[in-house]
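I'd like to ask you about the structure that follows.
Naming follows writing order (A, B and C), and every chain is counted from residue 1.
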Amino acid sequence: MSYEAKLVEMGIILPPPPKPVATYIPAVLTGHLLFLSGVVPFQDGKLVLEGKLGKDLTVEQGYEAARIALLNALAIVRSELGSLDRVAKVVRLVGYVASAEGFTQQPGVINGASDLLVRIFGEAGRHARAAVGAAGLPFDASVELELIVQVS
Amino acid sequence: MSYEAKLVEMGIILPPPPKPVATYIPAVLTGHLLFLSGVVPFQDGKLVLEGKLGKDLTVEQGYEAARIALLNALAIVRSELGSLDRVAKVVRLVGYVASAEGFTQQPGVINGASDLLVRIFGEAGRHARAAVGAAGLPFDASVELELIVQVS
Amino acid sequence: MSYEAKLVEMGIILPPPPKPVATYIPAVLTGHLLFLSGVVPFQDGKLVLEGKLGKDLTVEQGYEAARIALLNALAIVRSELGSLDRVAKVVRLVGYVASAEGFTQQPGVINGASDLLVRIFGEAGRHARAAVGAAGLPFDASVELELIVQVS
């Protein structure tokens, strides 16, 4: 099954790709690698689930924020490549989690993105990953994802 | 116009490339990609605009720190490649911003680097980017940039 | 001398490669680049030297934590490639250091990984590097390393 068909089956509708807020661009293709700009949890045109983990949000809410941020990343991938079906492999995901003092469950948050990647892309969705606590993220986002995808 | 000529036209003189303070090196070329080490705002041989955003520095000062750090990155690029004119494309920039509690304007700071990249390299300077808040940076630097460049 | 022989000469025994705690995988090979997942200081099956630099651990302890984390990265490299001798070049290391307020000696910590890379791989071990302060790391790890290696 194609990834686009899988998305339909899962009932997922991607948001419009986020517009960069400065002079950078959503993604750069170099060779077979597509480097994406950082994405945050935009939904219906605005940032949702703001704040820091360990203070403003539960791990479950962080998981959902990571899931929503990933949809924005996929919207960029589709917009750049024409279709998710051109994804050969998800290479690497760094997940930054806005973390209050003492919060150490960054992996549980970023799983919201990792789990969805694997549900959509199957084995090709299994990626190298780092989850890191940030002292703050743009516009008080709770999660920021940086993705590299291999294109066929 | 060549990028080196553009630099002259803009009146920009690059600093000497920063020397790594340990066993790593300024950059590694692999295939067509040049991965640079993290650079901080060195000027005239010393770190400037130290401290954290949201406490010690304004966004405008952070923007200037990012601009200065980028000059150090470009000095490495020229030193590694012989000339900026061998840059085919700027691929990806991660900007870490030392952030005090509550600071969320990392994009406004890293624009200091992004804007200069586009002014020098034009369309080839438009890059994928992530701006992230760090809990602290080497030697109390306010900004650290990590750059990947595609070489022709 | 082969890198595997060098390891034996240095008396280093790699740990078993760490198992990801979620749906991601330890590493992804794309073209000639091996992207590794973030590794933390696991030893004898458990996390050691937990906590934040600048509060719970000295720089010397952080250096040791980075050294141990790197052994876990090398265990992944060997497990993925069959042998460390397939490493052509170490490309890039990002070292995240869990940092309490005011800690700015991230480079001294990440040297624990950089120094070992150079001792094992010689010139091929010299890498591009960024050292960054994190607001918190998974499971209270003091250090997390993200490595990219070029494969021959």
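Assume contacts are C-beta pairs under 8 Å (C-beta built on N, C-alpha and C of every residue); 3 or more make two chains touch, one makes a residue touch a chain.
Please read all numbers here as calculations on a predicted model, not as lab measurements.
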Item to check | Chain copies touching (chain A, chain B) - same or different residues, decided at half shared | outcome: different
Item to check | Cα-superposition angle relating the copies chain C and chain B, to nearest 5° | outcome: 120
Checklist entry - Using mean CA coordinates as chain centres, what's the chain A-chain B distance in Å? => result 25
Next on the checklist: Going by the contact rule already set, what residues in chain A reach two or more other chains?
Outcome noted: 31, 94, 98, 133-135
Checklist entry - Given the complex with chain B, which residues does chain C contribute to the contact? => result 31-33, 54, 89-94, 98-107, 110-111, 114-115, 117-118, 126-135, 148, 150
Checklist entry - Tell me, which parts of chain C touch chain A in their complex? => result 20-28, 30-31, 35-38, 94, 96, 98, 133-141, 144, 146
